[in-house]
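As written, the chains take the letters A, B, C, D and E, and residue 1 is the first residue of each chain.
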Amino acid sequence: MLRFINKTSRKVGMAPGTLVHIGEKKVEKTLLRLIDYDLENLEEKELQSVEEMGRLKESPTVSWINVDGLHDINIIEKIGKIFSIHPLILEDIVHTGQRPKLEDVEELLFIVIKMLKYSSGKEIIAEQFSLILGPNFVISFQEIKGDVFEGVRERIRKGKGRLRKLGSDYLCYALLDAIVDNYFVVLEDMGEKIEEYEEELLADPTPETLHKIHKLRGDIIYLRRSIWPLREVINEILRGDISQISEATEMFYRDVYDHTIQVMDTIETFRDVISGMLDMYLSSISNKMNEVMKVLTMIATIFIPITFVAGIYGMNFEIMPELKWPWAYPAVWGVIILITAVMAIYFKKKRWW
Amino acid sequence: MLRFINKTSRKVGMAPGTLVHIGEKKVEKTLLRLIDYDLENLEEKELQSVEEMGRLKESPTVSWINVDGLHDINIIEKIGKIFSIHPLILEDIVHTGQRPKLEDVEELLFIVIKMLKYSSGKEIIAEQFSLILGPNFVISFQEIKGDVFEGVRERIRKGKGRLRKLGSDYLCYALLDAIVDNYFVVLEDMGEKIEEYEEELLADPTPETLHKIHKLRGDIIYLRRSIWPLREVINEILRGDISQISEATEMFYRDVYDHTIQVMDTIETFRDVISGMLDMYLSSISNKMNEVMKVLTMIATIFIPITFVAGIYGMNFEIMPELKWPWAYPAVWGVIILITAVMAIYFKKKRWW
Amino acid sequence: MLRFINKTSRKVGMAPGTLVHIGEKKVEKTLLRLIDYDLENLEEKELQSVEEMGRLKESPTVSWINVDGLHDINIIEKIGKIFSIHPLILEDIVHTGQRPKLEDVEELLFIVIKMLKYSSGKEIIAEQFSLILGPNFVISFQEIKGDVFEGVRERIRKGKGRLRKLGSDYLCYALLDAIVDNYFVVLEDMGEKIEEYEEELLADPTPETLHKIHKLRGDIIYLRRSIWPLREVINEILRGDISQISEATEMFYRDVYDHTIQVMDTIETFRDVISGMLDMYLSSISNKMNEVMKVLTMIATIFIPITFVAGIYGMNFEIMPELKWPWAYPAVWGVIILITAVMAIYFKKKRWW
Amino acid sequence: MLRFINKTSRKVGMAPGTLVHIGEKKVEKTLLRLIDYDLENLEEKELQSVEEMGRLKESPTVSWINVDGLHDINIIEKIGKIFSIHPLILEDIVHTGQRPKLEDVEELLFIVIKMLKYSSGKEIIAEQFSLILGPNFVISFQEIKGDVFEGVRERIRKGKGRLRKLGSDYLCYALLDAIVDNYFVVLEDMGEKIEEYEEELLADPTPETLHKIHKLRGDIIYLRRSIWPLREVINEILRGDISQISEATEMFYRDVYDHTIQVMDTIETFRDVISGMLDMYLSSISNKMNEVMKVLTMIATIFIPITFVAGIYGMNFEIMPELKWPWAYPAVWGVIILITAVMAIYFKKKRWW
Amino acid sequence: MLRFINKTSRKVGMAPGTLVHIGEKKVEKTLLRLIDYDLENLEEKELQSVEEMGRLKESPTVSWINVDGLHDINIIEKIGKIFSIHPLILEDIVHTGQRPKLEDVEELLFIVIKMLKYSSGKEIIAEQFSLILGPNFVISFQEIKGDVFEGVRERIRKGKGRLRKLGSDYLCYALLDAIVDNYFVVLEDMGEKIEEYEEELLADPTPETLHKIHKLRGDIIYLRRSIWPLREVINEILRGDISQISEATEMFYRDVYDHTIQVMDTIETFRDVISGMLDMYLSSISNKMNEVMKVLTMIATIFIPITFVAGIYGMNFEIMPELKWPWAYPAVWGVIILITAVMAIYFKKKRWW
């Protein structure tokens, strides 16, 4: 449950713009990776210090600096100084509980978005991914190493497609697109689980099934919350007026927008389907209980009366004329069989079997 | 369940605009059918190669090219080149998991919409239908052969009505109209099912009934998702500004819009009705259980006390004065009958029968 | 249930504008009634043929032509020709599954609205009422004879009030007003049913009660669907720009609008109330079951232990010292009474009675 | 329930603007009270005839005419003539089923609003309060004598505050404010009931509790319906353009608006809370049933097996070796105690007690 | 429950603008604390009388007057006179049942907002915090001593950060920010409770668990109501046109806005999660009941038939041939074991254990 909230309380009382890393420390050492390219040249290396970035700000090539690990406040602050990033934005970067949002502050476009993963415990978790888009650079911040951008890197290296030809705004699109495409992978996985649970539900629902469906429901709520605001973010880009994004790449952002809508659509559908499954579960519990009660009632209704008959003739009164009649015993058996038959017919008519 | 999502994951990491067919391969060979007409002339034939289309782009006649089968990427790419279709649109055409949408890109209008069918397993499935509307041509893409356009073709052949007189925008309307009209057929079919299940529900609900209603609910969710965005699509056409559609045909698009609203309305009503049916089911399970419990309770409440009475006089104490009384046995029967009568009156008063 | 959908499928594949009557044939012969009036003169008669209408189009008097019965396509088509009504509108008139809507096409205003009735089976059904408002005529189309306009006709005949003084737009208002007023009658009737069922629910709910409430819920869904779009229709009139309606009568249309809002309001309230009743029903079923279970449990919990005691001394062991004690039998009775008393106190404390 | 609808059917078929009093006749004789004041003078008296009002229309003092009782159509019509009130508005005044609304017709502002009371049967009922605001007069219409305006009258009499200084628009505000303030009193009362029922729910819920909560839910639905449209009414005043209300008093109307929002807010919260209480009720019924079932099951599960043991040795076979063993009887007791102990441990482990 | 409403009824009938303290008297003596600062100077002291404030209104330094305790109407009125605060605003300050709102009246900006606390009974309660922002002063009103502003005071004292450099609008921001940050602390606390209850729910749900979840649900409703309108308040600030807030600090207000959205988001998520937990609870009650019923049914179904068998041979008929057969007794045991085995296999197949 705690994945829903971050320990913001550690920050209470501090001045706004104070950098405090909120979130787990997920990586040992902050890793700075640079890919610097234009149509002809490509440089890919690991940066040893923040200072090396100085030259990148003004160079005409497109520079993609990827920062893995957010706990080292010093590094983040230095980057902020070099690229003149507003302190409130730096604060958002290191505070990993942001909603997806977009801010357009002096020359720079700041985007926060969630990257989905499966945790070791098979729970979906969302990693915060922040991105600063400048005139000819993109700085991306991740909580840990390991991302969904291998395809993008490969395309840059091979120089195929539009990536090498177009500017930093297209790179930014490519990163967003990779993240949103990854959402589909997570949704497919969920879809398969839903299918599996639904079959379980029809065949033989157990309390275990309920817990699994309930867990899935929690995942959906979490996903919804992580992705929903993204629509608004991309919509804001499309609404125009964002100087960092050229008209040429806008059509691509519209494509990401369509994908986001599709993701949201699927999430809503899943919600609907899962809520239907929970209703189904309750109904089948009721059905089962009904079944159990019928068995009990049939047994009890047949045997209680005939046990009473047997009880009657177990009494020890001195004067009980029937006890001496020669055909009394078979007659009692006749009565017992008669009662049983009547009951059986009654149940048959009530369609209890 | 998997009909809710498509295997988009196969595309993850690829450059945008890369054509990959997402969806099942539903047809062996891509089939290209052409109907080319103006007021006087009509040519209908199967095209053997994409190259034959070249001449159609500029000819003044209205050309309707229908493509059955989307797995052959080569053919789609060639068509794209001939009619200068944007790569992102080609991507949407072959990726059969799109939401209905409309895009107006350089001279061409691109519309995606869902065509409904019943699968062999009696499940509703939605086939993706894409349509490119150009100045004097319409290119339509279907996943498999077999569609709802026979009526349109017949009207073109016979030359009756407005089809031969008006341009490609009217043809586009005729196709959309045929698809939306087909929605009504599916809905009628559902309506009949609902009626049938409702009667079953009132007469004798079984777990089977529940499963059928649940399945219907799934169909409604699926339908809703496939059709809902269509409203927006047609609304966008009506809002004007779409150069490909002349004012003369706009009234017809308004008619399609009305039908779409009506379809959505019916779907919402069905949702409401089905949710009422699920409540009814739960209530009748409870009612049945109540009935079963009453039977059990009545039997137990009558026989347990009198069995106890019989048990008492089955004890073997040496000194039990009643055992020797001459009227003891009939007296016990009297007590038993009295208890039974009291209980029967009690149940009568409680209205248990 | 089938009242929710119309057999539109019969039209699939036909050209738009083809007139096909969709709906039951409810009347033998189409009946054409004319009321033609101005401040001084009044003519009321049954028209024998459509051709008689020709003169009415241009005459300065207000003509109200009422058509009962829609199955005779010929008549509808002829009327269309005389008053130059667009084919798509004629199509809507004979296709009785329209949502209430308003269309403003060349000089004529076309309104579709639902007229409510009780069917023989005590089910609410909605009859389609279409109306064409021209400069000095109103043509109204009904499925069957018998309507809610007797009051309007009477007011025309008596020449009292505004009807004879004002134009066709006021007549149109008077007809809409009569229909909306009739909604209140249906709602009052429902309100009385709700009251009756609610009392039944508090006194003694049976499965029969549930079915009745469920049926009422279906009626509400149906009503809602039939009336909801009307709000939009009248709102469109109020928004202005409709040349057929003079400013003088606009205030009256605002009055109809208020009534429509009030109708919708009442329907929403009924929905809320009925959904509360269904919850109540479920709760009372649970309560009853609880009651039944308590009776069973009390009987069983008291008699099962004491029956066991009796069973013990019914055993036939040779050496059972108690059997020979002189006070054993009364002592057993003492034990039995003690057990019963303890149980009674326990149930009392648990407040089971 | 019938408080939700008014017998509008009595009016069906009449011409619009026909005055018919819809509602119960709640007062014997219509009472006309006048308070006429300016900064220096104050006149308060009961008017004997409508004609006395003639002079008030033009006099520069502020006149507040309060009409108690709506059944005397003559009086209402005469007032209408004197102050030139539109017939449709007079119709709304006497027809007590209006939604709160505002109409701005030629110089006059017409406001309908609901005044809340408790009926003798402890049910909340809403009385219709209509108000006509003219340049220097306010005419208010109530169904019965007895209102919430004593405070306002007192303030006029004492000449304290702004009432005597400002015009009729401030008087109108003061009346609305008094009515909205009275809503809080009703809500407080409801809040106390909710608190009381919630405690009952936690301590010992009975079907009686359910009925009380259900009744409260009905009250909330009724309240909501009576008050909700008021927001819109006051909003319309604030949106400006209403010439009868001076800018100086607008800030006061904003205050009423805030109060109305607060009332609505509280109603929504109550709805939420009550719906939670209904869920709680169902859950506690289930809990109780569970408790009952556990008692039954424990008793049955312990005594049924040991009764069987006793039954075995009650059999009368000639050859039953155990019957003759000297330790058989104590051994049977041992078995019985063993079975009981095993069952007790089992239930303990299952945490049934 | 009563925390949802305030005793507004005490005010009914009074003139608007009359100051009456609505709410509990929570503090003995009203406490006036002043912090007066500019870049160089800092004065912090407790004011002994309201009159000392006179000089602050015009002085160029930023003055923050904090008032703890609202019951002393005199003091509030004097403050109102000194700083020319509108009577309706003073009324809102002392009436502690306001919704969060913003009012911009002549030079002054008035903000009401809720400050969250835990009551002694571990219930969340909201204290009303009002704030008047003037050109160079901020007056804040709290119900009791003790707030969340220690961090702000510390930052003023230390002169670090922007607080001493910027004007009263930044101070106002700092206070709002501190309150909103405190919301996160409350939410974290709730989140931990949710996590804890959810584990309880999976492990062993008791009626106690239900009550705790229900209480949490009440807290969420209360929180939602207290915080929701805040969004609108801050949005109004951002929409511009508020002269008291300089453009330089607007970015900071945007930050508070983002936080508010995040708070609302979390509250909605909690609602969703809690509603899922309530469903889970109901399901597990049903599951448990099912379990109990199965145990009862198995015991009864096995022992009732075999007890009947034993009952048969306990009868005392003179002629019962079986009683004399030598192998009868073991044969009866055989029958009993057979019945038990058959039942056991039946239950095994039905998967009852």
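Observations, loosely collected:
By definition in this document, a contact is a pair of C-beta atoms (placed from the backbone, for glycine too) under 8 Å apart; a residue touches a chain by one contact, two chains touch by 3 or more.
This one's a predicted model, so the numbers in the text were calculated from it and none came from an experiment.
Averaged C-alpha coordinates give centres for subunit C and subunit D that are 26 Å from one another.
Distance between subunit C and subunit E, defined via averaged C-alpha coordinates, is recorded as 42 Å. One finds 26 Å separating the Cα centroids of subunit B and subunit C. Within subunit D, the positions touching two or more other chains are listed as 282, 286, 289, 293, 296, 300, 304, 307, 311, 314-316, 320.
If each chain is drawn as a node and touching chains are joined, the picture is one closed loop, every chain linked to exactly two others.
From subunit A, proceeding by way of subunit E and on round the ring, the chains are encountered as A, E, D, C, B.
The touching residues of subunit B, when paired with subunit A in their complex, are 1-2, 4-5, 7-9, 11-17, 86, 88, 97-99, 101, 105, 204, 207, 210-211, 214, 217-218, 221-222, 225, 278, 281-282, 285-286, 288-289, 292-293, 295-296, 299-300, 303-304, 306-307, 310-311, 313-316, 320, 322-324, 326, 328-329, 332.
On the subunit C side of its complex with subunit D, the touching residues are 148, 150-152, 154-155, 160-163, 174, 177-178, 181-182, 184-185, 187-188, 191-192, 194-195, 198, 202, 251-252, 254-255, 258, 261-262, 265-266, 269-270, 272-273, 276, 279-280, 282-284, 286-287, 289-290, 293-294, 296-297, 300-301, 304-305, 307-308, 311-312, 314-320, 351-352.
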